[in-house]
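Note that subunit A is present in both complexes that follow, paired respectively with subunit B and with subunit C.
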Partner chain A sequence: MATRKKKILLVPLDPVHDMGLKLIRKALADNGHATTLLPPGLKVHEVVEWIIKEAGIEFVLVSRTLGYRVGELLARFVDLVEACGLREQVTLLVGGMAVRPELAAEMGFDAGFGPGTSPEEVVAFIEGRHFTPWGKGEESSRKKRDLTSGFSYIYKNKGIERSLALITGEIIDWVSNKTSPGVERARIRFRSLREGEGDKGGGWEKYQDYCAGPIAQYYKEGRLPRETRTLSEDELRSLRQYKNWEGQSKIIRPGVVGPDIFIQYGTGCPLMDILHIKTGEAWGAAGVVHFDPSEGARSEGLLGGYLSHAQDGTLLTWENLRLIKCFLNPLTLWQVRAHRGLNTPETVVLAGEAGADLTKINMAYASLGAGMDPARITVDGVEALRWAAHYDLALDVVTNEELSGVPAHKAFAGMLIVAHLALQLGARPILQPLFCYSPEVMLQGQMRDNYIDFNAAKILALRQIIAAPLWPGAPIGFLTHTEDRVQSSVTTALHACLARSLGVQAISIASSDEAYAGGPIAAASRVDTLRAVQEGFRFFGSANIQPTPRAREWAGELIDGIARVLTDVANSGSFVQSLYRGLLGGPEDGAYPGRIGRGTLRRKEVEKDV
Partner chain B sequence: MFRVGFAGTAKNTGKTTALMYFLRRASIRGEQVGLTGIGYDGEEIDHLTGLVKPRLKCPAGTLIVTAKGCLDRMTATYRIIGKLPLSNALGQLLLLKTISPGTVVVAGPNSGKDLRLTMDFFQRAGCELVLVDGAFGRLGPFVEVDGLILATGAARSANIINLVEDTRAFSRVFALPALRGREEIQVGSSISLHLRDGRVKRLQPASLVSESLVAAIAPMVPYASVISLPGVVPGDLLWQLCQKVEGGFSGKTMVFSDPTKLLLAGNYERAAAALAMIVASGGRPVVKRRIPLLALTVNPFYPLQTKNTFRRAFINDDQLKEALRGVSQVPVLNVKEREPNYYLDIANGKVRSELNSQKVPGT
Partner chain C sequence: MQYVERILDAVDIETFILAREEGEAKGLMEGYMADLGFTDYDIVFLEQVGPGVRARARAYLHRPGSPYGWLAEDDKGGD
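== the complex of A and B ==
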């Protein structure tokens, strides 16, 4: 239905500036509305005279930079309009620096538009439409993005495909008669959540039998581990104010025109996490990643309740996850990572039940970079992949072992094994190569001239192997950041622009203080990098970054290296032994197979259907 | 139902503190109180200065009209009783009843017409006393209340002499007498002059918003017995009119709609001076509708701007209160003082002292 054309008076009460109003006037005129732009600097009663004189004015939009005493002036204007009998006739709007809806309400205006308001937003308000930042009439079509959508997972490199088939077949066969405390806990958790009430019923009483250390102690004695506490009623109640926060914030989504941008949270406290999430959402993040504590990954079992602790990483509990989920924007993609510890399968169950969209699993990295016993994590990892398929959770396969010194081609070989395994088990993998200044390139010099070529080579190589979604991380620019927030933001933005130019599906970014925060990061630093990335995207638009010919050469070398490693693993006849023996990264690369969970595997007694 | 507005001469003059004081008193007395505001109140941090503000605390059982967008910011628990067919910049207005005490955020009707409709809702919900919080120096919607409590203080002017003169002027305008019951003066929706020969001259618009209107009216005044100015009358323009009229206002009645119309443009002193000039020359300024001033509250606090930030500053509390005591016939209260013991007398529409149950001097 066509919108009835409106008559609008534009009033620059500011003594000088009326540029904002000129832009709005153009947008209104483009939509067929009649506007009158008054000269700057009129007195309020002179504006009232104009409204009286110009018959039929329906909207008055006042522009004014706010400061102390200016509020009184604008409030007086509203009073004058009313006292002159014009309030029924006109809708009063105010815009300018420092204007917020609360302040507009306080001054008696019908709506307020703050800095960053687009002219289209004002037009939408005047036309009585709900404004959506991604364009007129597109709100209903805006859905949460599926990063794996449209990917065939067809291999272009058939040699690599054959090796992967051999390796994954062996893995599935090897794990088939094995179980672990982690596997059992995941099944109990699933039954309990489905048949019981969270941590009651559904066979929950057996859960503690599969726990160890401080977690077993918690379930036996009810004592929380050190520096861990339950959130108070008051703290939980205080969250109510953030429930609809995104409604009051300016949601800018660079993800609409480029890769979806993920931020990582894990302050240790779910309340602070929620503030970080809301800040991230308000400044354009399309997705958020739940970071659990590294210590938690080394303990058998997960705690319960609304818990906070004085360490990095937020405790994975059913209640914490549900609480965080409550505050997520419905469009925000939510990843709960499960890739590296003794609770990998159970974490996927919790993530799936709590409504996550994504998880993160990689047995090679967990073994070589996160201290897990290869045998244990292989059994748990396969189980976790089955759960991911069950919940239809897409998963990224991260290659953070590169940061320990494992060369990219070996890390990629491990990633491709896990990705292929995921496909075999019905899950949807996303490849996560690092965009980083890794020990490998420091030693070999691939980034001596620029950061573009080797990162681009990774993307080109993976694309020549398989048609799979790509999500560079994590975060992009790893080891290029310094304690200088400006430098940190710039390097993040440049890596993001490279990722965008390469057409990847998502990126994870750090805050500008993440590498050097020494504790929970600051919200302002979170905003730094989101804004920097947004500016980068704006700067490049649809223009691309052109790598040098070295990128293609390195891509070829990477593919050859990956193929070689996979052949060696396939020929060895055992994925787990390959991890122990260093075929996917060994001591000479700075990678050591871990010991966490060693000796905990048991022969499976009765096959249970999931 | 007794409706009381809490107006301020500026932002940060202590409207909310004054309102909370009388809200608490009414609650102790067991009265059913309704609460709303014509702006936005209850925020933790001042939107403009960044300074911490007093939160609006509310006892259980209070009826509140506020916008939907405020609900998530309150710690008081509540039940939604009704939805009003009104909205403001923060969403639709709702009628709530608090179940447990706590902080509330109030952003209610933003015009006089909407405030009138809101009062109907309070009336139907059984309110005995409705408190309406003001915003900045806004007065317009307060034509819908039965009495006004004016909050003033250093935030209006940190100079005590200026503040006293300003408050005196405000009080004088609010002290204007009403038209006598038997007077049948037709004050329509436009400026009108009732000439001695029986004719009535009408001019559009209703408000005296331009110097050209002043120039048009002034020559006719000597021939008029009644001058009716039903709309806004800025003090400056009324002063100009007084200057231009030859022969003064002897025997003439000048009718204004209500006191707020003379003060909306802000310059209280000029408006009071013009009225004094009319009286001095034998004229009789009156209002069609009186809005009694019930009390003055004083606040020594003001936000002091230093470069780009503000810090809390105060003028001498005792000097301020003492200086303002003589400027008006109504009680002057510092509601932050310990146990000042005043309350709103619903039956008589007054502010009274609880201590001796006697009428406060001057009321």
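== the complex of A and C ==
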């Protein structure tokens, strides 16, 4: 339905400045409204005379930077409008650098527009509609972004492709006659959710046979682990009734060009997580990542119920995931990580059933950086990749073993093996190089001069190997953050701008609490870095950061190193043995193959296809 | 509703405190937080440069999993 055209008087009640009003006048004119822009510096009685003279004015928008006695001046203007009997006829609006809605109301205005207001917001107000930053009627037509869209996954480096084909063929063959408690639980979970009543049918009674430790105890005795509690009905009811954060958001994401920004949530409590997610969405996050507790990855099996606990990371349960999903904006990308533990395949099933868009899998990292037994995680990882393909979940292949000291070229070799395996199994991988101040660069000095070249080299190298989506993480700027929130926000923003400049598809960012270990992340700290990144993107616009020639040199060295490692792994004839032997990162790098889940593999009795 | 119940999780207090070294500033900040009536607080950041210390203290009003004032209040007046 067409909006009726309005008549608006624009009043720069300021000695000199009227630039803001000029921008608003253009936006109003573009939308067909009739405007009159008065010259700056008029006295209030002269403005009122204009309102009387220009018949039919419906809105008066006054612009003024607040300062000494300006409040008095504006209030006098409102009083004079009233005294002349015009108050019922016109809607009075005020805008300027120090204007706040509550201040405008105090002075008698109908609305106030502070710094950062876009002309489109004013137009929306005048037209009596809710402001959506991406424009009239476009919200419903926007679609969630597919980070893998448009990527061919064609290899430019054929030698590396040949090595990967050999390695992944061997892996698929090696796992074919093996199973694990994790594999079996995933299948039970799938049947239970698909075929059972609620989540406890489809052979659910067998589930606990494949659990161990505190999880088995929970299913046998109903006792929750320490510091864990079930959320009450009252809490859940209150949450569902709580609507204050909806409809108030000024979502700043769509106006800014750059990679999709992901934040991690995982306060330990899904209720608090939901508030953090809504805050993140409002301040520009395009995606959110479920950060689960590291302890949960070391236990066979997952708990059930709406659970909160007083530790880092939010427990992975079917109920928690479903609850969080209910509150996600439909356009928000949702990743549930499955990359590092005994519940990898089951987590992918839960993610897929709960409606996630993305997951995270990397057997090399899980072995070398997260303590998993290489054999067990290889079997579970392949199963998880199959489930990711089944649910059409894109997955990032993270390379956090770099933080343990594994050089980038070895970490990338592991990443490419898993990515190639994902492609072989029908899944869609996203490469996740770290933008970090890693032990490798600390020792060898690649970042002695700047943080740009070596991070850029990683992107250049991967692009010369394969046409695949890139999602630096996780978070970008790892090990460059301090507890100073300004420093932390700035380093995040600069790494984000580098990522934007390199044209990657997504980034994961930290909060400004990244280096603070004394307590949970606060919502305000999430706003800090989201705000900083948006400001950085605004600053650079379509301009780029220019790496030095060293970036290309290092990219070449990275490719050579990756090719060498992959040749060694292929020649070894065993991916799992390569992990044990340190070909993808060993003791000399500070990485040791893990032991979690060792000895739990069994021979498959009957071949079952996912 | 008390104003503290509307604070989602934490209050940060940042200042520049005149002190000879960070240990002294830490004690001063802790004393200040206690005087303000906070019980669950921590010193997040201290950096001594020049005549004093840039400092940030944090008090948690709603830790994850604790009873949330903002949730309870909305339940009372919820729609």
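By our rule, the second predicted complex is superposed on the first by the 482 of 610 C-alpha atoms of A that agree within 3 Å, B and C clash if a C-alpha of one lies under 4 Å from a C-alpha of the other, contacts with A are read in each partner's own complex, and residues count from 1 in each chain.
As a convention for this text, contacts are C-beta pairs under 8 Å (C-beta built on N, C-alpha and C of every residue); 3 or more make two chains touch, one makes a residue touch a chain.
The shown structure was predicted, so the numbers you read here are calculated from the model rather than taken from an experiment.
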Looking at the overlay, does A:F291 come into contact with subunit B only (first), subunit C only (second), both, or neither? neither
Looking only at subunit A, is it subunit B or subunit C that touches more of its residues? B
A:W174 in the overlay: touching subunit B, subunit C, both, or neither? Say first, second, both or neither. neither
Looking at the overlay, what does A:A522 touch: subunit B (first), subunit C (second), both, or neither? second
A:R237 contacts which: subunit B (first), subunit C (second), both, neither? both
Once the structures are superposed on A, label A:L275 by its partner contacts, choosing first (subunit B), second (subunit C), both or neither. second
Which superposed partner A:A105 touches (first subunit B, second subunit C, both, neither): first
Check whether A:C84 is in contact with subunit B, with subunit C, with both or with neither, and answer first, second, both or neither. first
Residues of subunit A contacting subunit B in one complex and subunit C in the other: 237-238, 241-244
Residue numbers of subunit C touching subunit A in their complex, please. 8-10, 12, 42, 44-45, 47, 54, 56, 58, 60, 62-65, 68, 70-72, 74-75, 78-79
For subunit A, which residues count as touching subunit B in their complex? 45, 48-49, 52, 66-69, 71-72, 74-76, 78-80, 82-85, 87-88, 98, 100-112, 237-238, 240-244, 247-248
Sort out for me which residues of subunit B touch subunit A in the complex. 10-11, 38-41, 43, 47-49, 67, 69, 72-73, 75, 88-90, 107, 110-113, 135-141, 189, 205-207, 209-210, 231-232, 234, 260-261, 264-266, 303, 305, 310
Considering only the defined contacts, which subunit A positions touch subunit C in the complex? 229, 234-235, 237-239, 241-244, 267-269, 271-273, 275, 279, 308-310, 482-485, 513, 516, 518-520, 522-524
